[in-house]
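In the two complexes that follow, chain A is the common piece, with chain B as its partner first and chain C second.
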Partner chain A sequence: MTQATQHKEPLLRIVKRDGIARPKAYAIRLIAVLLSLVVCGIFIYAITKLNPVQVYEAIFDGAFGTNRRSWVTIRDAMMLLCIGVGLAPAFKMKFWNIGAEGQILIGGVVTAGIMKAYGSALPTPALLVVMALASILCGCLWGVIPAVFKSVWNTNETLFTLMMNYVAIQITSYCVALWENPVGSNSVGIINQMTAYGHFPKLFGQTYGLNVLLVLLLTVGMYIYLKYSKQGYEIAVVGDSENTARYAGINVKKVTIRTMAISGAICGIAGFIEVAGVSHTISTNTAGGRGFTAIIVAWLAQFNTFVMILISFLLVFLQQGAIQIATQFNLNDYASEIITGIILFFILSSEFFINYRVILRNRKGADGK
Partner chain B sequence: MSDQIIRLLQSSICFGTVIMYGAMGEILTEKSGNLNLGVPGIMYLGGISGLAASFFYEFNNPDPSRLVCLVISFLAAFGAAALGGLLYSFLTITLRANQNVTGLTLTIFGGGVANFFGGALNTMAGGVGQISVAATSAAYRATIPGLSGLGLVGKLFFSYGFMVYLAIVLAVVMHWYLSRTRTGLNLRAVGENPATADAAGINVTRNKYLATCLGAGISGLGGLYYTMDYIKGTWGSDGTIESLGWLAVALVIFAMWRPINAIWGSYLFGLLFWVYLVIPGLARKDIELFKMLPYLVTIAVLIVISLRKKRENQPPASLGLPYFREDR
Partner chain C sequence: MKKFLALLLTLAMALSLAACGGQEEAPAQDGGDASGDEAQEVSVKVGLICVHDQNSGYDVAHIDGLTAACQNLGIDPTDTNQVVFKYNVNEDQSCYDAAVDLAEQGCDIIFSDSYGHQPYMLQAAREYEDITFVACTGDQAAVSGLANFKNIFPYTYESRYVSGVVAGMKLKELMDAGTVTDPKVGYVGAYPYAEVVCGYTAFLLGIQSVVPEAYMEVQYTNSWFDLAGEAEAANILMANGCVIIGQHADSTGAPSAVQEALEKGTVAYSVGYNIDMLSVAPDAALTSAQNNWSVLYQATLEKFIAGEEIPADYATGYADGAVMISALGESCAEGTQEAVDAAWAGIKDGSLKVFDTSKFTVGGQTVTEYEVNFSIIDFATGDVVFEGPTENVIADGAFQESVYRSAPYFDLRIDGITELNNN
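After this line comes the complex of A and B, so read on.
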């Protein structure tokens, strides 16, 4: 920030924009993404000495090079999207639910538990329904507890939900130790590996068909819920101003708890999809930081679930690509987190240029110096 | 006192020191009204920079001087962490990005950078694939000669490296700074009500920048202490620093934003975390449940604070809120 003296106009002046045309806003975001890709390219070049074009070829190859890789990209993007969709209502209400990580895990743990215990007792379709319901309930519970304290005693939800993550992580560690298979491996292994009880069946001949279908249903449903339902409108009002909401006769407590129940439930479903539809196992890495990344997805999309599809794909595309490059050059996978970080920093910065205009001091003023 | 109890207390103090640094940095940051959720990332940055700096020094010098090891790694850790804080400050203060989202991004980024280069260092170190900076680690773990041999007292109070004592000194200094000096009061005014502070002629932007960068530097020392002393100059990509970082954020609440409370609070967290050591007959799965204790205690404190609503125990009033002079 520049220091203004009394008689001189500062070098840079920041003016809030009254409004910005949508194409222009998207152009700014696009520039930010492109810039971040350039920086990522430089970063990868510095390490691998690949020329930047080759870098992005390798990334594309890593994400969509083979049929299998494409499906992995789609699968992971759907997971991120699902969590983002779950977080959208909470964040739209300005309820800082950073406990998605825990809500996913707890959903995943009950799914794994049921899969393990009742795998042979129920037919798979019934098992899937039971697991889904259980994960919804648990995710819901994990979301509602902080919400109740927030609405009744105004307990800080950011820190509460954060702590709930670790409670869930320790419960998961406990269960992993409990269900260890084989003993001493400190992992659960693929549950029902031989029988595939409780695993997602193929849909349209695709292993991850059901994942895609479920998540897309949630995405469309959430879009309609937030945009066209009365409850969605209430969420928007509470998010903009609690006082206005109260004045308009909205029961803020009820809306807070209800919204967090929905948010937690969808994150619980994400845990269910991850365990039953993707990994068929449970570990403390089942959520893998995606509960945090999804916050950024939801925030950047401004809670528009269709924009979230794009952002999820962008992030997962780059992550898969980075993993590919890492394998090729004998580096480790953490490169993908660095790249994710760089891109997010750029997109976050771009919001400033959408909301504000920077005005340079006019030339005459500069001459007078 | 049995050996077991002594070991428990020693582990608690070492564990506590890591999160005490993280929490003290975050207290300073939060006092300026910035809720920096990037603490884990910043601790990662501090840890890896200190490690990398001393690694390259030891790698290129067959006979490393302990003092140089110490100074280089300390400065590198503090500097890198402060740079992380600068990035956060630039985004949230100058570019007015959302604080929580920026902090979380910093955590992802810092973790990525640290584990990426940590892995690379492990590869470079060759051999068993594990980096080790023996000389630097020894410098960090050196105890005061004579005092550590004083039986029980020596074991309990003098068996640690200098950073354990530095943390306590820092907490006392910070307490004095925040409650007794003019600049400290100014800083708190910025965190409580930036508009009023601005009207009173306090430079809000500068205060926020300084507090956030210095705070990040201090948090970064937690990462340094962890790599150099706690795991003895090695690198593990197991995500421990991240969970410790979040625990540091929890400790800030537990200490109710007072550095002095952070001292005993951090040791208590350490005790809660390690208490399973002295409980006989625990299976490994039960240990995991015990490790939940610090988080449950924090939740309880959080609820109690919000129930009692004592003004002096509340977070800084404008915590997490952006301040733009032009906004009403």
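After this line comes the complex of A and C, so read on.
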């Protein structure tokens, strides 16, 4: 091994950090965001010759420019957050729940169905409770099926949950064909448009007040559940090592199924909120890919539901801004998607610098072994 | 300051118009004209909500249509203070968000280009009573009872009929040459919805005006825009032996597939929709049925600017230049241009009726009466959402399409057409 010592030390070495102080981790993330803005600025200028500062202003204007725009941003962030909160326990358990999309849809479909069928039969508050329960049950079912298969027959949950999405999409498109109006148009329209039966009522004078309240309750609840409850601890142990969990006497099957029931149920509620509280319609686009975007939210926040609030807002902020710059500067939507991509890329790679550090050659004080 | 100036200009225009009214020759005055133009620029702000962006032929037709209409009316379409476009707006809550956002930006009149936008436009129209909302291709304006909610739709069936004539000429040429013996035609449809049914029926009737024994198979894609799905549908139809592939779907999928098949030796030609398909199918494309939306946009905006009442439903066709077909491809049969000109002339002077009841049968019978209920009914529950009249739409020996309402309501399945996959 004497030869090895004679080798020239490499220019760069990457060393895993033992731990990092919180402020430092956040400083790294902040630097990443700033750097991404600079890179985006260069991109914007190179491609469009527009002043990047103006474009950033437009993005902000698009997300928070008017009271209504702010509420749209809040509403969409709450939806994303709700799904992220639903995914958190599953991913913390290292159960790759790619099926949020389907769990949202199935929750949305039953909500829409009940809203259509019993709209005039029940008063709205009772209807809302019935729809919420039904969507919880269906979302739960959509989560439990792959969990049972995984724990009993050890099937691959990634593929299974993904395929459950397609089942939900097909059920949705069947229902859309059943409820479409006029026949053949593939559009259900706003359910109970004139009567507003089963639509979320205003809360504190805000159209989306109830959405915010429900999602924030779930967010706080999930934070406490994951951090302070015995079940939350079991989830963490199973996620870190199934063998350890087994050794510690944790019933892994039970935890898996229970956790997916919770995960699916919350995604089902997300479908309920989307249909009853936002769009009042159902289509195969109701989930709109947010079941996948929310995975980014959950991971980036490392399952801390409060951090998820921030990340959901960041993503929705960028998305709303994208719409604005497409309109204001006549840029294609895709230009703004590239900007979103660049920013996400930087944030994701900042995690690397939080977990590892780079040591330059000849640098004294670097205590590489 | 700007507002003050606008007010001043509006006042100037109003006064000059009043003055002109007395003199009976309004446009002659130079000064009056200039101030009129400028006042218009500041006083009208137009919004358009598009379901896709410039990559979709359907939306291009709308974007170009509104752009041309604005230019003709002295509104600068590149100035976001006068015209605001919103692209890639889904047919869901985001359409309502977009409409309301345009309203708050100060738009006076807001258009949406896709059918599915309608309920959200209606929702916005109920909230903003002083702003006019126009849902293109929509069907609920007349029955909704809202004074500020409108629908517009061109007589697309006319251009479909004429594009059918082009296809018929080609089919006849192929049959005369003995290349084709079975006059089978295919159609890639989006949804089994009246707008599509009306379109393919007109297309087949156009073909039958040249080749009376022609018949058709329809394959639905269940999407308005699906490159791969439309190509697949075209391939299914060609495999079934269809020689002409028409389409009511917004992508270039079908013409591209037909071009590819033609290059491999299959005898098949394509008739497109919205945009000239020659760029993707130089040999296979015969022509495309097109709408000239600028005519409808301009007529609506003119009335709006003049402060006149805009009818709840507005539909027009070739007579006003609202529909057309694209340049004929090189593969078109000899004499096609003459046949096309004759068909247009007939449509214009009224001697040719597209849905002439003597030209088609339903279940072997000639249609003499057909009642259409224009109420908007929720079919799942049977509830009537908006009460509308019930009319017999057969008059003067023809199905009166887009007369009682701008959006098509021809949903008869005529003999000679088979729907392969109507769910």
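Couple of notes before you dig in:
FYI, the second predicted complex is superposed on the first by the 334 of 369 C-alpha atoms of A that agree within 3 Å, B and C clash if a C-alpha of one lies under 4 Å from a C-alpha of the other, contacts with A are read in each partner's own complex, and residues count from 1 in each chain.
Just so we're on the same page, a contact is a pair of C-beta atoms (placed from the backbone, for glycine too) under 8 Å apart; a residue touches a chain by one contact, two chains touch by 3 or more.
Quick caveat, the model's predicted, so the values are computed rather than measured.
Of the two partner chains placed around the shared chain by superposition, chain B and chain C are both touched by A:177.
Once the two complexes are laid over each other on the shared chain, residue contacts for A:185 go to chain C alone; chain B is not touched.
Of the two partner chains, neither chain B nor chain C is touched by A:244. Using the contact criterion defined above for the overlaid structures, shared-chain residue A:160 touches chain B, although it does not reach chain C. Touch criterion met: A:66 reaches chain C, while chain B stays clear of it.
In the superposition on chain A, A:348 makes contact with chain B only, not with chain C. When chain B and chain C are set side by side, the one touching more residues of chain A is B. Residue overlap on chain A between the chain B contacts of one complex and the chain C contacts of the other covers 173, 177-178, 330, 332.
Residues 66, 68-69, 72, 116-117, 119-120, 173, 177-187, 189-190, 193-194, 278-281, 283, 285-286, 288, 323, 326-328, 330, 332-333 of chain A touch chain C in their complex.
Against chain A, the residues of chain B that register as touching in their complex are 35, 37, 87, 91, 93-98, 100-102, 104-113, 115-116, 119-120, 123, 205, 237, 243, 246-247, 249-250, 253, 283-286, 288-289, 291-292, 295-296, 298-299, 302-303, 305-307, 315, 320, 326.
Against chain A, in their complex, chain C makes its touches with residues 53-54, 78, 80, 84-88, 90-93, 97-98, 100-101, 104, 115-116, 118-120, 122-123, 139, 191-194, 196-197, 222, 376-381, 383, 385, 411, 423. Those residues of chain A that touch chain B in the shared complex are 1, 16, 96, 98, 149, 153-156, 158-160, 162-167, 169-171, 173-174, 177-178, 289, 292-293, 295-296, 299, 330-332, 334-342, 344-345, 348-349, 351-352, 355-356.
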